[in-house]
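Next, two complexes with chain A in common: one pairs it with chain B, the other with chain C.
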Partner chain A sequence: MKTFINKTDSKLTNLVAFDDMILTTELPTTAGSKMLDGYVSLFEAEVVNKLKKAGYNLAGKVNVGEFNVDLMGETSYFGAVTDESGNLVGAISEVMKDTDIVATIAVDVNGAQRRAVMATDLVYLKPTYGTVSRFGIIPTACSGESVCVIARNASDLEKILNVIAGHDDKDGTSIDDSRMNSEKASAKAIEKVAFLKDMFAISEKDACEAKKALESVGVATADIDSGVLSKAGSAWNILMSAELTNNVSRYDGVKFGYRSSNYTNIDELYTNSRTEAFGELLKTAILYGSEVLSTNNYDKMYDKSLRVRRVISEAMDSIFAEYDAIALPVASKKVFTAKDVADNAYLAYEESRFTAISTIVGLPTIVKCGYQIIGRAFAENALLDLLRKIEKEGA
Partner chain B sequence: MTKYETVIGLEVHVELATKSKIFCSCSAEFGAEQNESVCPACCGMPGMLPIVNKKVVELGMTAGMMLNCDINRVTTFDKKNYYYPDLPTSYQTTQLFAPICVNGTVEITTSKGTKNVRIKQIHMEEDAGKLVHDDWTDTSLVDFNRTSVPLCEIVSQPDLSSAEEVVAYLERLRSLLRFAKVSDCRMEQGSMRCDVNLSIRPEGSDKLGVRTEIKNMNSISAITRAIEYEVARHIDALETGSEELVQETRRWDDIKGKSYAMRNKETAGDYRYFPDPNIMPIVIDDEWYDSVKKTLPEFPEVKKARYVDKLGLTEYDADQLTRSRALCDCFESASATCGMPKEVANWLISDVMKMLNKKSMTFDMLSLDGNKLGQLIKLVEDGKVSRANAKKILSIMFDEDINPEEYAEKNGYIVSNDTDQIASIISAVVAGDPKAVADYKSGKEKAIMSLFGKCMRELKGNCDPQVLKELLIDIVNKA
Partner chain C sequence: MEKEYLIKLEKVNELRLEDAERENVLAFFEKRAEDLASLEEVETSNITRMVHVMPITAGIREDVAIKKFERDDLQKGAPETTDGYWQVPRLVE
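What follows is the complex of A and B.
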């Protein structure tokens, strides 16, 4: 059971860990896949570079599910992380336990990181899409993947965010600093939070605890229906699989990564390398992604999902006209077991319905105690302020 | 007997004349060592993100403007998925949903008159790498120098009906794109190549026949032969039933003079296009559009007419010069400097073109500074440098960046006006050749020429021949 896939053995302080989707030059980056076992990048991710420059040291590379699309890291080639009773435990929470690692930097594609911290004391922040460079992130689903931070409290999240946020010329989707700053300056404090009541209705987690905590710091709460937001999971599964199919097609055994020793021509080289090196869930995603992009299905599946993304974004805007944030549970259950994923191969897709809401439109999100709070674009600081107030109240 | 007509549409790929590749800063120049111009981005390594080269978009717009297209003010890139070892990411970034240009026309002239060929669209895309097969070890090696070299693909409507029209169309495209410096369009270096879509139908029919596509043609003569072969094959198939025509992609073997169906695997497939989420839509605002529009050159025939009407060149000279934008640029700046366009045209057509040919350079490779050529011509016309010496200076100017006047002074090429000095040199020559003097005096007029030549040599050519001749005769007569 590997929490770190690779680790530095330094006695340094000011440590941060990176999940194994983030390219480092001193340690291999595997994406949790046999395909990239031992792969060492020629260049470093911008987030790694920025944190090093700010005086942070690399603790190691945290285990991830294969290409980061599973439920909680259970599809990693290097093994799932579970506790004695067979519960899935996120590698991130294990890595952060009893160490002085300040934070783990990860890439959130399908919510695995949010689920990994839902049963812990850790807090999570996913900043607005485009505020943190994706340069040097092993690509999976580029239109929604975001660098996220997992730490012990709001002030550590903020410390790290201040280092990693900012424009990067090497990422064409990176937002200009001037826009980022002006948006931030005009961000409103969080005073009213909308709870998606139908999402709570399908979760073991009820809303009471969160409402109490928010009200104790003077934030008003109200229940609303999620409406079209409930379609985010299906739409994101389609977009994510399509982009994933495309992004992992470069691993063909020709240039880098795993190459089968069993081939007599180029087609066998492709097929056998990929068959031998990719796991089952990823293969499912690749097939699904190929299907939704095929000429027969493009309009009714892929293009439709792009439209759904837009409709969701508009629905969010109208919610934000009245409320400052949206609250919902991270998952349908408080704890997932190894048996759950063994019994239901599509669990990661199903659970997407909770996490995809903020992923598909790239909005900032915090997680604490199994709740997600989604803010307006560029409202990271308002979310962190709220988190800090709740921490102070000891809620 | 049924008469058939041929229906042809072309997809022409031209390499855009940028210094760097389309999504990274690697050099896009031809001729580097294998795998020299590569980086993690164009090798498809995970984690690199595409950053669009602005120059590529500008050249795409320029191409569209030259071919009378509408420019899409919001243009996007898409991913096209297929596996091939020369394609490092296993997808090609290209444009499907919103290409940079649509709806253009190109006027061509053939023996049957002029005709408009409609352009369906122009899109920008990246090139793939190159496989190098080593038969000796039975392996294939990949050269990634060409991956992500920027291309634009010009797709015509099926408006062409013969090899002659295809050739006229290609030559017209080449001329326009070279003039606008969009591409050097050199087929032999692969910077212009085309796919020919061809079908035949009974004359007058409005139904299209079965279409075949001949891929990757890269010489005008091969294209002509391939079209003639395909037309014959199609007619033969329809008339005699020798084979069943199927829609397919074919490869032309120019040595055997035959086309072959490509294996299904190389062509079949669903490319699963989708918009590239890493490249934001490119918005072309009025300011950007206008700034590109301003850089457009005159069309070659407009220039030609102006050269004849306004600058007084002959049709022939104007025709010669407008074969190349580089020649035109040089001509225009030299004429502006010296104010003698006819004289400049003479120099360019007789001397400069000859020098280019001698060095096996194309006219577009001319890098002569027009302003300096103008200065040199002025030196000759002002009688400061002799024509023969000016030619020597011109050949130096071809390779080196020199100032013609300074160079002439430094190397003693300035014509002398000092008649005393000239006279003393003549006297010395005449004194040294009493036989020639005697011959001349005895009526052999020609003898004066050998004396003239000797004097000119002594003077290193720096003397007005008329002045020299008069002084010489004078001195010989007195001798």
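What follows is the complex of A and C.
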């Protein structure tokens, strides 16, 4: 069990940690995979550059599940992080416990970070897609993955967001500053929140506690059906796997990364290197993605998912015409155990039904105490204001 | 999905599974059929694909060659190199 894969001098102040999907030059970046064990990048991710320039210091690299597609880091080559009771705790929450680390910067691909903080006092923010540069992030599912921040309170989330947000020419999906600023200026405060009642019905997490917290700060709440939003997990599973298959095809044991010692020709080199270095979930996801993109399935799986993504986005717009935010649980359970993932290695594909709702359309999301609140595009400040009010009330 | 087809997929992706792993993967594929059935319930015939979640203008950079890294640096992470080249097994006998 490892929380930090590599660590720097802990005597420094103003510390931030990065999950092991974010490239750094002073420490290796492994993506939680044997394939990249010991790999050191020649350049740093834009988020690392920006934070260093703003005076933050690198605390270390936080353990992640292989390419960040799993439930809570259980597929890491370096081992899952569990507590004494065998509960999966997620490396992020362990790293932040009893330390001076201000925040951990991570890459949310399939919701692992949201699940990692759901049973802790930590708070989480995933900004609108395109707000934070993805340059220097090991790509997994580029059309939905986002840099996210985990901290102890809204104020620290805001401090970090103000440093890392902004246009970057090096990232083709980065939003123009002018658009970002004008959208932010017109963002509305959160006064009315829609609760997805059928998502709460399939979760151990009760809606009452969250409603009480919101109502205590003057926010109105109402129950709605999730409707087509309930299809987000299915569509994201397909898109994520397809994109993953393409993105990890570069790891072949030739130019960088792991190479098997057992080969007599180039095909064996490729196959044995990939077979020995990738874990079971990743191999399964690669094969599934390949099937999704095959001639026979491209239209009915990949193309269909892209169309469903549009339908979900339009459904979100309709909800946001009446409400300022959407609330739902982070997961079906309050806590996941090592046994849960031993019994079902593909649990992350089932749990994506909760986290993919905001991932698939790139909307900003905050997490506190196992609840997610999704805002309109560029409504990060409104979400953080809401979080600050809840913190002030002690709700 | 048949096991033979899965083996073909493995080959395309330069992977090789053990038989026990294959059973798990086949069960996973069967479960994913539920995802597909769930999506088929959504009417999308007049809907356009959503590739980018935010409207973006693809940035086109100046077509200028920039030498950022030396070859030796680029090969630091390589499993095997010879005289500045990436080393692979002989391709042509």
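Odds and ends about this structure:
One rule holds in what follows: the second predicted complex is superposed on the first by the 394 of 395 C-alpha atoms of A that agree within 3 Å, B and C clash if a C-alpha of one lies under 4 Å from a C-alpha of the other, contacts with A are read in each partner's own complex, and residues count from 1 in each chain.
Here is the rule we go by: a residue touches a chain if its C-beta (ideal position, glycine included) is under 8 Å from a C-beta of that chain, and two chains touch if they have at least 3 such contacts.
As the structure is a prediction and not an experimental result, all values here were calculated from the model.
Residue contacts after overlaying the shared chain place A:Arg259 against chain C, while chain B stays out of touching range. With both structures placed on the common chain, the touch criterion links A:Leu23 to chain B but leaves chain C unconnected. By the touch criterion stated above, A:Arg388 is placed in contact with neither chain B nor chain C. Contact with chain B, but none with chain C, is seen for A:Cys142 once the two complexes are overlaid on the shared chain. In the superposed model, A:Val308 lies in contact with chain C only, and not with chain B. After overlaying the two complexes on the shared chain, residue contacts for A:Lys184 are found with neither chain B nor chain C. In the superposition on chain A, A:Asp169 makes contact with both chain B and chain C.
Of the two partner chains placed around the shared chain by superposition, chain C is the only one that A:Ile286 touches, whereas chain B remains out of contact. In the superposition on chain A, contact of A:Arg152 is made with neither chain B nor chain C. When chain B and chain C are set side by side, the one touching more residues of chain A is C.
Residue overlap on chain A between its contacts with chain B in one complex and with chain C in the other: 42-43, 143, 169, 172-173, 245, 249, 252, 254-256, 266-267, 270, 290, 306. Within the complex formed with chain C, the residues of chain A that make contact are 39-40, 42-43, 128-130, 143-144, 169, 172-176, 228, 231, 233-235, 237-238, 245, 249, 252-259, 263-267, 269-272, 274-275, 278, 280, 283-284, 286-288, 290-291, 300-301, 303-311, 313, 345-346, 349, 360-362, 377. Within the complex formed with chain A, the chain B residues making contact are 40, 43-52, 79, 81, 83, 85, 88-91, 142, 265, 270, 272-275, 277-280. The touching residues of chain C, counted against chain A in their complex, run 1, 6, 9-10, 12-17, 21, 24-25, 28-29, 31-32, 34-36, 38-42, 44, 47-54, 56-59, 61, 68-69, 73-74, 76-80, 86, 88-89, 91.
Partner chain B is touched in their complex by these residues of chain A: 23, 31, 41-43, 45, 134-139, 142-143, 169-173, 242-243, 245-247, 249-250, 252, 254-256, 266-267, 270, 290, 293-295, 298, 302, 306.
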